[in-house]
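First comes the structure, then the notes that go with it.
Chains here go by letter, A, B, C and D, matching the order in which they are written, and residues are numbered from 1 within each.
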Amino acid sequence: MSGNTFGVLYCVTSFGESHGPAYGGVVDGCPPGLELKNEDLQKELDRRKPGSSRHVTQRRESDAVEILSGVFEGRTTGAAIGFLVRNEDARSKDYSAIAEKFRPGHADYTYWQKYGVRDARGGGRASARETVVRVAAGAIAKKWLKERYGVVIRGCLAALGKNEIPFQSWGEVDRNPFFMANAALVKKMEAFMDELRESGDSCGARVNVVAEGVPVGWGEPVYGRLDADIAAAMMSINAVKGVEIGAGFAAIAQKGSEHGDEMTPQGFVSNNNGGVLGGISTGQAVTVSIALKPTSSIRLPRRTIDKSGRATTVETTGRHDPCVGIRATPIAEAMLACVLMDHALRHRAQCGDVTPPTRLSR
Amino acid sequence: MSGNTFGVLYCVTSFGESHGPAYGGVVDGCPPGLELKNEDLQKELDRRKPGSSRHVTQRRESDAVEILSGVFEGRTTGAAIGFLVRNEDARSKDYSAIAEKFRPGHADYTYWQKYGVRDARGGGRASARETVVRVAAGAIAKKWLKERYGVVIRGCLAALGKNEIPFQSWGEVDRNPFFMANAALVKKMEAFMDELRESGDSCGARVNVVAEGVPVGWGEPVYGRLDADIAAAMMSINAVKGVEIGAGFAAIAQKGSEHGDEMTPQGFVSNNNGGVLGGISTGQAVTVSIALKPTSSIRLPRRTIDKSGRATTVETTGRHDPCVGIRATPIAEAMLACVLMDHALRHRAQCGDVTPPTRLSR
Amino acid sequence: MSGNTFGVLYCVTSFGESHGPAYGGVVDGCPPGLELKNEDLQKELDRRKPGSSRHVTQRRESDAVEILSGVFEGRTTGAAIGFLVRNEDARSKDYSAIAEKFRPGHADYTYWQKYGVRDARGGGRASARETVVRVAAGAIAKKWLKERYGVVIRGCLAALGKNEIPFQSWGEVDRNPFFMANAALVKKMEAFMDELRESGDSCGARVNVVAEGVPVGWGEPVYGRLDADIAAAMMSINAVKGVEIGAGFAAIAQKGSEHGDEMTPQGFVSNNNGGVLGGISTGQAVTVSIALKPTSSIRLPRRTIDKSGRATTVETTGRHDPCVGIRATPIAEAMLACVLMDHALRHRAQCGDVTPPTRLSR
Amino acid sequence: MSGNTFGVLYCVTSFGESHGPAYGGVVDGCPPGLELKNEDLQKELDRRKPGSSRHVTQRRESDAVEILSGVFEGRTTGAAIGFLVRNEDARSKDYSAIAEKFRPGHADYTYWQKYGVRDARGGGRASARETVVRVAAGAIAKKWLKERYGVVIRGCLAALGKNEIPFQSWGEVDRNPFFMANAALVKKMEAFMDELRESGDSCGARVNVVAEGVPVGWGEPVYGRLDADIAAAMMSINAVKGVEIGAGFAAIAQKGSEHGDEMTPQGFVSNNNGGVLGGISTGQAVTVSIALKPTSSIRLPRRTIDKSGRATTVETTGRHDPCVGIRATPIAEAMLACVLMDHALRHRAQCGDVTPPTRLSR
């Protein structure tokens, strides 16, 4: 299947461009009977919405979502769920200055070479605005996972540029514009962002996502591993350059005697494996960490070429996030939710008759 | 599709267990006309073969591969390519001591909970011996990519436990038992491994893989990004806990003015994006780095539980790699080759009529 | 992938219910550079539109389609093409009388048992109104196949109930409300339909579809045969109960010396195989014939049960086609177009480098 | 995914050529815990084996199957099930006379044009010998469906050339070499076949397959309809030119008042829909009928061309079935079993939490 659909049983299909009339998606495979209304999607969409603070793009989009199918009398029917988000504040003229040039770090050049055409307005299909579809689809998955299995998926900003942000409390995450789980650093990060914005430059970020309550047994060996599908889902988010599960790259320097999570009758003693062993969930929290590169659209002049291959420079003056990672938390949560839901369905398809022989405490 | 097949157009299907009669695979979608013989697969299989030095498992397997279909008079016909590798040196009795216990860091517990059954012999389906199938399938992909597009895929060990191994030369990689691209450090690493083996413990590793010569344009936005498929393929390799493309996690601390690869008429000035922008190859080298956790099978006693949930300890005395990362290089190369070949085919399906408007030097 | 998407490379995803706000779809995998505007889809949608004569349902729908993405400056970009058709004339109250009963021949009972919920309004997701999505997706495929390969896809009504309708000329098809390729029988069929409608009953139909200009070589053995995919596509159309390729069921009574199409330097002498041999197109016309069952919604009283399992009777008084086969021609054409386009792309993915050794005249 | 794999959750992958070393397959997605041994597959393979009577090809193959993975201590583990059938009696020299010509009705020409190469020995990949893989995979599905859901799948020869063979009793099917459910006609059919074989010609056949005990609710609207997947599976069998579900083509001439299966508290009154409504099983028997064309390999001279395009004639003197339909019954059963099992798994993935509100008697 082509690149705009993902999932085996919980399938998400996406369409839309930054400056086209609308984004939309189709969620296929959702079990029937789930209570669902526009607000369930809207709530999550509002978390990633642009324009919500001075630290993100000032494009004004209400991101109002309309469910078009698959719901009858307030509950899912098992039919495909179509939904639509109209674009409202596209300013295509912002892009006239750059239509003939390639912005470094952007997909302008690769799309143009691949397809032979280029929709320069706001990144076209490559725009991170496409993540509205992911967040809407993820909202459904989150709700189902919570209601059916008690799975709770949460994320937070773990680093903003060079600033590490230690985890303190999930309760903080929705109280600051950065999705930081740390109240003490909010002011410092605001100052950091103000300065960064002022400088015309941008920075990268790290986002951590955790799913708690995942039952043991989700995931398919060998190529359909839970962590493999998570890795793909995360790496498919715009600007992501790295994915870790559990100890991630720190595992390189660990000894086996340190890394391998010991087990006791009370459960696992540690979680270096990030809740996945052999591609199958262990019953512990599934922990994922991703690296987002700095926004490519910056106001500083950069060397590039134009469509004729001639050397030139480019500055990007449209409305952009100085750190795309800031709004990435709800997106990463959504992708994790979609993958987990897909595997929940896949697991019960093949192993619906298995009674797990025993179970550790979490 | 279920978990033992991957790829959209270049599809690899795998079967086999560590102590069963054989491993085998089916490669579907290979273009016709490629010269192919057993030796083409054997050459790569010999690179990952166990028992090739004292630093890896002493299990003795010739890993002799037999192509069973899809080749006629020395060339691929376009039909499915089936191949088989018989197991020769399985010693199932090694496992009797641990059949009732779960080895920390292994998939014993998760398989048992998921499927309700447990093949304790050598990890069963979860064994890293499954990678013979990947390497065989990758050998075909490598050969086709090289002959058809001039793509060259190479990898090397970049860290062995805490020891960073700076890259010096591709020429060294096949001259030492570690796939190190650095002659100067071989002795030191041999001593390190001897000491590690002596201690009964294990360590992690980093492997870097690079594909040079990839044309601009491979990869499908949005969910079918080239880097997303690479991430899945790499994370599906046994023991991998992290994947980076280009700058990877280092991108977090970069500024946009530093990360975004500038372009000149002579080509890109840097390659922080690892040869992929917007999920589509740029024409630069595709660079991937993976983290492998330390081998879970160690001789040191570890706390665990048995099938009844009672506390016990376990030591693993079978024949194991003290560092699974050592043999991972050909496997990672193979997975990258399979993904690239899949995308080469997918690209020409959709964009076979596009003449890339212009092209930077590499 | 779940049931609302079909195709491997030319992927069509569908959503919508008969009495919901809208139908819509996403076409993924269309090559870039194809000229495309709303009218290209509208033209085909108008052919299957309800209310176009007294012989079909009197529901009044303009079926106005809006392309929402994937097209820039009048040409496809290679991105997913989303489109929307709003429902305008749903009269849900027509269904209140039958909400508690199961209509014989309808999917009411099976949907209810499968999903545990029932959207009784107009068949919900099971309504044949879903075929707007197919026709829209097929319009794109038809256009591309025509422009890129010269493929022409046409269909006609070949039997209306017991009345066989001999083929005379493609030119007639769009000149009568039945898609008959036979001018002489139009009056007779109008009388037949008037009488049928009067009686409150319904009848079945046969529709033939032909694709001319298909190059030799499309289709994948073994399970991905061109004819297998055509069979699935046709059988997935509402009310279809049978599919034939070439001689179809007549082949049972043929001798091998009669059926096997002889070849001469001027081409094949006959076309019993319907343009497909071994699952691969021969270069001849691909010929398909389908059987559509009589409309299940009739005004005559029928025995059934209600939701409590009690015996009752039901008459269906909503607005329905007395013969669903009448409007099936553009739908069958569309499905054939989608399958052919999918295989055109699949073929050039795997065999893009093959020069067909020789070629018969058509 | 490419053409040698089918199924979404119960996935069958196939490889092998008529005159290569072996056929083999991989079944992925089978639930764990199913008792399975070589004999379970062998039993079904023996039913389709060549050389079992004078009415079929005299090629002598034991078709001995070896399960290579996925089974541990006599039960499936949930891992991929690989299996192998070695070819034993390939006589490639039989084909030297025809290596330069195209046999009418065969895939010689289309394979050659598609792939640019031709394995003329026994049809290569296009040989109906590939159906060993289907039958082996179907044997597993049949067993699971029977044990888990009580589904019984049976087929019989319903017409041999122009001879209709009325159904009398399932008990007869395995007592004659034709899979006829009619003892009275066996002698007549033997005489018919002797005469046919004598004449050097071949004939077509009709095979009916029935699945009893299928629960209500299997199948996915819209494109993933149960009957659509059945149609594809059947049409993918070598020589099949037509597929019917339920009333099939007879539905064309039916009135709605005749076709629509009425319901009473005791169940459906008739089964014109063949056990499928809206693409979802009704709980009635799923009834399928297929048309198989006459064998293309006949001893009578036929006009054709050679590789240079010159006119010539060809006679096929290898060992062939004078009616491929005779051995098609177990193959059609197998394909139906695979599709039903796939949908059983898909159904419980999405609707595993649904309690069917009520249920008709069968």
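Keep in mind that, in the parts below, a residue touches a chain if its C-beta (ideal position, glycine included) is under 8 Å from a C-beta of that chain, and two chains touch if they have at least 3 such contacts.
Nothing here was measured: the structure is a model prediction, and the numbers come from that model.
**Student:** Quick check for the class: compute each chain's Cα centroid; which one is farthest from the centroid of subunit D?
**Tutor:** For subunit D, the chain whose C-alpha mean is farthest off is A.
**Student:** Between A-B and B-C, name the chain pair that shares the greater number of C-beta pairs in contact.
**Tutor:** Higher C-beta contact count between the two pairs: A-B.
**Student:** Distance-wise, how many Å sit between the C-alpha centres of subunit B and subunit D, to the nearest whole number?
**Tutor:** Result: the chain centres lie 38 Å from each other.
**Student:** Centroid of subunit A to centroid of subunit B, CA atoms only: how many Å?
**Tutor:** 26
**Student:** What whole-Å value do you get for the distance between subunit B and subunit C if each is reduced to the mean of its CA atoms?
**Tutor:** 45
**Student:** Specify, in ascending order, the residues of subunit A that touch 2 or more different other chains.
**Tutor:** In subunit A, the residues touching two or more other chains are 1-5, 8-9, 14, 29, 32-33, 78-80, 114-116, 125, 221-222, 346, 350-351, 354.
**Student:** Make each chain a node and each touching pair an edge, then name the shape: line, ring, star, complete, other.
**Tutor:** The chain contacts form a complete graph, every chain touching every other.
**Student:** Any idea which subunit C residues touch subunit D in the complex?
**Tutor:** Per the touch definition, subunit C meets subunit D at residues 1-6, 8, 12, 14, 102-107, 109-116, 125-126, 130, 159, 161-162, 201-206, 216-225, 227-236, 238, 241-265, 269, 272-274, 276-283, 291-298, 300, 302-305, 307-311, 325, 346-347, 350-351, 354-360.
**Student:** Give the list of subunit B residues in touch with subunit C in this complex.
**Tutor:** Residues 8-9, 29-33, 78-80, 148, 221-222, 345-346, 348-354 of subunit B touch subunit C in their complex.
**Student:** Could you list, by residue number, the parts of subunit B that touch subunit D in their complex?
**Tutor:** 1-5, 7-11, 13-17, 20-24, 26, 28-29, 32-33, 66, 68-70, 72, 75, 77-82, 84, 114-117, 119, 124-125
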